[in-house]
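Next, two complexes with chain A in common: one pairs it with chain B, the other with chain C.
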Partner chain A sequence: MARNTVTGARSGAPAPTSHVRGEPTTSLLGLVVKIGALGLAAALAVWAAFPLIEAANWVGVGIVAAVTALIFYVYLSPRHVPLKYLLPGTLLLIAFQILPVLYTVSTSVTNFGDGHRGDKEQAIAAIEAYSVVRTPDSPQYTLTVAADGAPDTGDLVFLLTAADGTVYAGDADGLTPLDPDDLTREASGKIVDAEGYTVLTTAQINERSDEIADFAVPTGDGTGIRSSGLSMAYEGQATRTYQEDCDCIVDSVTGVTYTADNVNGSFVSDDGQRLLQGWRVNVGFDNFLRFVTDPATGASFLSILAWNIGFAAGTTLLVFVVGLGLALLMHTRTPLRGRTLYRILLVLPYAMPSFAMLLLWRDMFNTDFGLINRVLGLDVNWLGNAWTARGSILLVNTWLGFPYMFLVATGALQSIPRELEQAARIDGAGAWQAFRHVTLPLLMIAMTPILVSTFAFNFNNFNAIWLTTAGGPFSPDNPLAGATDLLITYTFRLAFGGQGAQYGFASAVSVLIFLIVALLSLISLRQSRSLEEVNR
Partner chain B sequence: MTAPVYRDRPFLRWLRDNSWRHLLLWCAVAFALFPILFVISAALNPLGTLSSSHLVPTGASLDNARELFATTPFGAWYVNSIVLAVCNAAVTVFLSALAAYAFSRFRFTGRRIGLLGILLIQMFPQFLAIVAIYLMFATVTDYWPPIGFDTRWGLLLVYLGGALSVNTWLMKGFFDTIPMELDESAKVDGATHAQAFFRIMLPLVTPVLAIVGLLVFINTINEFLLATVFLRDPEAKTVALGLYSLVADERNANFGLFAVGTLLIALPTMAVFWFLQRYIVEGLTSGAVKG
Partner chain C sequence: MKFRSFSVLSGIAVLTLLATACGGGGDDSASSEQSTDGAMVIWADPNRTDVLIPYAERFGEAHGITVKVESIPNEDLQDNFVTAHQAGSPPDLVVGAHDWTGNLVRNGAIDPVQLPQEVADGFEQVALDAVTFEGQLYGVPYAMENLVLFRNTDLVPEAPDTIEELIKEGKKLKESGKVEEIMSLQVGSEGDAYHIYPLYTSAGGYLFGKDDEGNLDPSDMGVGSESSIKAFEKIAELGEKGEGALKRSIDSQNAGPLFNEAKTAFLISGPWAIADMKEAGIPYEISPVPGFANGDEARPFIGVQAFFVASGGANKVFAQEFATNFVTETELAVALYEADPRPPALTAALEKVSADDPDLLKIVEAGANGDPLPAIPEMAAIWGPFGQAEAAVIAGEDVAEAVKAAGEAISEQIGG
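== the complex of A and B ==
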């Protein structure tokens, strides 16, 4: 148990003495709670295991069993006392923070994205389905366009009503028959509502019409279903088929052969034409190098990084100064009159939904009808000029962030015994000296991690930029990088705007951003005394 | 931090000590409140458009509020937001306090890595981790629909993944200020580590629990990115999502509704703050530290 002992070694405090008055005794209530909690864990495990067993997912069952066993071991064994306190939070942390991050890291070395989503077989099925042509005896379907999830971003699904009335859901993987009870349909066979899918409105269909025209449902060997207009679909014969012997796709109409390029994950013809549907392959560090070596992005990288650091550091400094200043103003020996009211009013900006307030601030900075210009009687294009835009964003972000710092500083100030400062004053220190040399250092121990995390949060503060300037203003000579772009908004535009989603590339930039932020944070933590706290 | 000058008369002393504080605080309050005043005025504006809204209310009409409840499932959004925020705040405070106790009172292998790790993992840009969370929950929805997409409980689970965060550092810092002698003497008297935690520590650290609870509550109400991925059914949305969908296309026309919703969702946050105020203000430690 040596390493699990409670230390009494804080600044010369006496080491814990042996238990003189008796061994620890667990109370009856404690025992009941413990048994109850473990029983609940077991019940949850059984509940979680049933669907997994039904689907014969033995890996899943194994994971559930292992986690449950770990929980029981930790709480029933008298050893590993710290783990008893850390386990619940840590399990959740691993499942919903660490695993997604690891997944992103593993994605960063692939070409995952639009056109490179699935494996090679899926790509072949999609190519074959896409190439189908209508023959005189092609079966016809009544088509309802739907999406799996949000109407504008969810995967497309064709809801197909066959001549005999059967309804299928067709996605990129093939057809699945639907239960008629889950559907509402018109006499024409059009589906009005289907459980689990979002039926698109005409406006939404128009928005995604290119995508719908390119969409095909593979239905088996060399056949597929494509749309013909917006309410009909047909099943036809593929003109492009995969030949195993040459690892290539042959177009029976034009006679062109597309050979598989297994390094880049796509089929390419001899004259360099590339088929739209590729598959996911490992591309090593190409995604990382692209950001630096690509002349289009490399030039902007450093200037964006500089503003990004300035934005995060500036925001952190401003909210810290304002928040701590206000907390100090109200930290008087005798309670300040009306301080409850002040607290409530000052914390109000933090209570307002931040995304809504960002949109509101953008409108207030509007040149023509914005509140700022109207009240001040000016005609300044605040968000149209690089430096006023940067200043405005810092102002908005300070408004949004200072109440948090104010609350935290209030809490931290209360944890510092007033006697320390009083002692310094008695020893002849002035008010400022006592604050500077006694209160502030103690405060910084508690505040540095908060400041570091504020810095890190703002380094990637997507909303603050996207909802106000969207990265702009853009100079005519570089339309890709705006004056207020952060790395994350810039990446977002590069990776998801224009030529479709490029998750692999975006993941690589995420990893890069993470490394930069983590490095900067570690340096600043090291500069402060916070890490000594950790080591103590 | 001017010291009281005792030879002055009481009124002058008050003036010297506090009037400048009040002056500065009034400036800060004005800065904090003027955008909110604009929202209030827009919410009361009978025309309900952005371009017709001014800083000072031009009218007082409840048309916007009436229309908000008539045309959108705002009530359902509201309940969703509150349930999520309360549950997340309560469980996060508990999990985080447990971890902070371990980090503050025990020395064990992995302590340093653990503390640094929970701080660093938060720095990963979240909008891509969402791709992974989406794929993960597509599977979860197949196996366990009650915690899958369009449910509060699935979203709550993901939020709880962030329970150990900078908040744990905040709590640990506060725990460190409670003298070790207090829980040690309890142990000498035969208390287990759990009893020392629940009976001695928790009552003493109430202020920091209150602050963390408030912060988590507010963050959950405002959370947007994860909720967009999770809650696709109009009825299952949170207020943040619902309001965004209101102004995504037609901000000018729906601005009045948007302003009403913004104000309504700020109310519970104010209520929680008011309720926790005494814990934050009282600062229970000042008594304990002396003892």
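== the complex of A and C ==
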């Protein structure tokens, strides 16, 4: 925008006439498009509403209805013209930028992660279910699932045939022996029909699947006969049970009591043994404190941050210099022969998937088998030494990134009228002076936002590091922080390496990184604004 | 003001839209009912999906339900499964590696399975041990794998008994110009704990001690101890500043090709490497990974592939039936072997297929004294620091310093 106004004013060209706004669109095509788009919005709303209604989420339904109504109101009424332009962008901005940030922030104050994913009830259910063991010498039964009464509502009954051929009916009250004459059995001993009970079909079993899986025929002190699939049952015992009065889990075999630690979301015994299954709780700023106070982080944070800024700034500078230099070379007054071909060749690295290219570069840097050492006849462990690894990564990243800058710079150069430079030359400026004082300032207005975003992107360029050095080389005394680690790769190793996924902790560090990047970007944009002031 | 309240409102709206679009993330999922369209769903990686489909259909026909087999890339399978469990819409069964067990149990994502004794007796014991976690059986195994030593029989007719012999032989071949490398064992710049483990154990190192019941005890972590330093000192002797047999420049990408292009006579790898060898036409033979001459046996990790029953599945009874009565059949195990030739975990299936494939028994024999890959969640803390210590030691750095630092990093991550 700024570029247009400035160059427009300088070159004396008339300001571009703004789009015809406020006038009602009456063309048939416009009407059709409008109806189609609104119809799509309505369809989306209906599609979203059904699961919400099913889940009885009335607030959600209300919000969907309200937003749909808003969309219809904005686009059907002739007023609120600016909103018509802003609405789609705003919705997308909120969906893809603001919400992830808010979600990350809300996750950062929890212990969400492996072992702490669900709520307390789920943890208790898992602990109890996992503690079921076969009783010693547990008899094996052949099972037929039946119901007392209607197949879908009647109480569950397990019709059981023991190994010795005796038959029982087991319900929630316990085992009752059956008279073998009242029932029909297969050769395997499996009961197929019994008087007084309805044998469930597989479809009916499927309907009551959860109920059957949780059902146990009580056989004594804590023991019960449980199903194992459709046709087998065994006697088992839950050795760990939750006691509400003490908010604890009691292990009946070892006698150990695990008391709920509701602050950290797990059950802990007196001697500090922690049950694996915990639950998600709010831990406040613990995750932030853990990162800040971690001695390992404290020792390496500043060096990681310094390299992180160096990497992002170095990449930005290098891709800018290389991209702009090549763009200037191509930007000749008389068309260069084969210019299109050169441009295509220059854009190639950008067109290839960076994922594969990074892996390819890593192999090229291999000490004994890599292309670089073979061609140059060297024996350098490029990625094994801190500074060569850093240099190599900058080289690779520049190679991957310069075509984009080349494209942008080419476009920006073409929008700067040549007369300006010519005028400067006539006034006695040399080529360098004309470039430095006329072309470059104009170019920078277009390029600065791109440079800031390049910086911000590379600040968190996880792939460039992870796929080449994975943060290494590591000094032998610190296996957690390598010489080419960015904050994001360091965090990834901490949050996803040690104890499975720790989303809460990862989110907390992400929030910190976000603050750093936001601050740096803000400063850079301030700088660029002062640049605009100069040119005004 | 008007504009601000508008954006807040639309923000909430889009949030809800997204939440429902993703099948109800977050809090909605707890209240929403599972879809009960009756189909039983099995998740497997693309290698196994096609094999499973006919068997799944047969199972479905026998029990009057539809069974769907969905293909998920192996590297995403565990994460997707845990996430789906958390969202309340997991599949009924998942086919995965046994070392997921600890993490799946910790997240309450799978149910124990109860095998009758006579069925359990039909499995190789090491395979059952691998899927047993804290005394409870959590999966039905179907295949096993472990590292072995491959040698190029054109260059080396006799299997070496010790790593020293291997290196002597390899050096001789290298000096005579027949090969370029003494041996191929992938290390890479970050090390590779899985592949160095046999040598580490042979040199006297261990990862976790065992408690009275034979379960791994994370409070007894062996990296950083005296024995682990001694073990790494022996490994260092084979490294870049020692014999030059172990090198960081040999990594997962080039370890196999080095052997297949006859640039080295020895490769330490697993059954997954065989297909490429056959294609390259390299005459190979399989023997156990050799240990140090005056050391312990070299014990490779045993990895086991298993069927797990999801705890949150919609058809748990059928899933249990499938796992306990269907996976335990020889025929399915043989079909899975044909799709991906690793030794079956069912003894009967192993005997059946090894009649035509003599490699299998040699692989099983090479893994006879192996350790099941630890399934406890604490194992996750080992890989990174252990690997880096290995890489540092092989590079010729100070052994004690590197191993102690790794031990501290691991302990801190386990404790923290």
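Everything below uses one rule, namely that the second predicted complex is superposed on the first by the 378 of 536 C-alpha atoms of A that agree within 3 Å, B and C clash if a C-alpha of one lies under 4 Å from a C-alpha of the other, contacts with A are read in each partner's own complex, and residues count from 1 in each chain.
Just so we're on the same page, a contact is a pair of C-beta atoms (placed from the backbone, for glycine too) under 8 Å apart; a residue touches a chain by one contact, two chains touch by 3 or more.
Bear in mind the structure is a predicted one, so any value in this text is a computation, not a measurement.
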item	value
Which of chain B and chain C A:Ala48 touches, first, second, both or neither	both
A:Trp432 touches, of chain B and chain C: first, second, both or neither?	first
First, second, both or neither for A:Leu99, with chain B first and chain C second	both
First (chain B), second (chain C), both or neither touched by A:Leu383	second
Winner by number of chain A residues touched, once chain B and chain C are compared	B
Touching partner for A:Asp363 - first (chain B), second (chain C), both, neither	both
Touching partner for A:Thr90 - first (chain B), second (chain C), both, neither	both
Chain A residues contacted in one complex by chain B, in the other by chain C	48, 51-52, 55, 57, 60, 83, 90, 95, 98-99, 363, 369
Chain C to chain A touching residues, read off their complex	6-7, 9-21, 23-24, 28, 30-33, 36, 38, 63-65, 79, 82, 86, 102-103, 105-108, 111-114, 116-117, 134-136, 189-190, 247-251, 253-254, 311, 314-318, 320-325, 377-378, 380-381, 383-385, 388-389, 391-392, 395, 397-398, 401-402, 405-406, 409, 412-414, 416
Complex contacts: residues of chain A adjacent to chain C	44, 48, 51-52, 54-57, 60, 63-64, 66-67, 70, 83, 87, 90-91, 94-95, 98-99, 114-115, 117-119, 122-123, 125-126, 129-130, 132-134, 140, 145, 201-203, 205-207, 209-210, 212-213, 226-232, 234, 236, 276-277, 290, 296, 363, 366-370, 381, 383-384, 469-470, 472-474, 476-480, 493, 497-501
Complex interface listing, chain B residues touching chain A	1-4, 17-18, 21-22, 24-25, 28-29, 31-33, 35-36, 38-39, 50-51, 54-55, 95-96, 98-99, 101-102, 105-109, 111-112, 114-116, 118-133, 135-136, 143-144, 149, 157-158, 160-166, 168-170, 173-174, 176-177, 180-181, 183-184, 187-195, 197, 207-208, 211, 214-215, 218, 221-222, 224, 228, 232, 239-240, 243-244, 247, 251, 258, 261-262, 265-266, 269-270, 273-274, 277, 280-281, 283, 285-286, 289-290
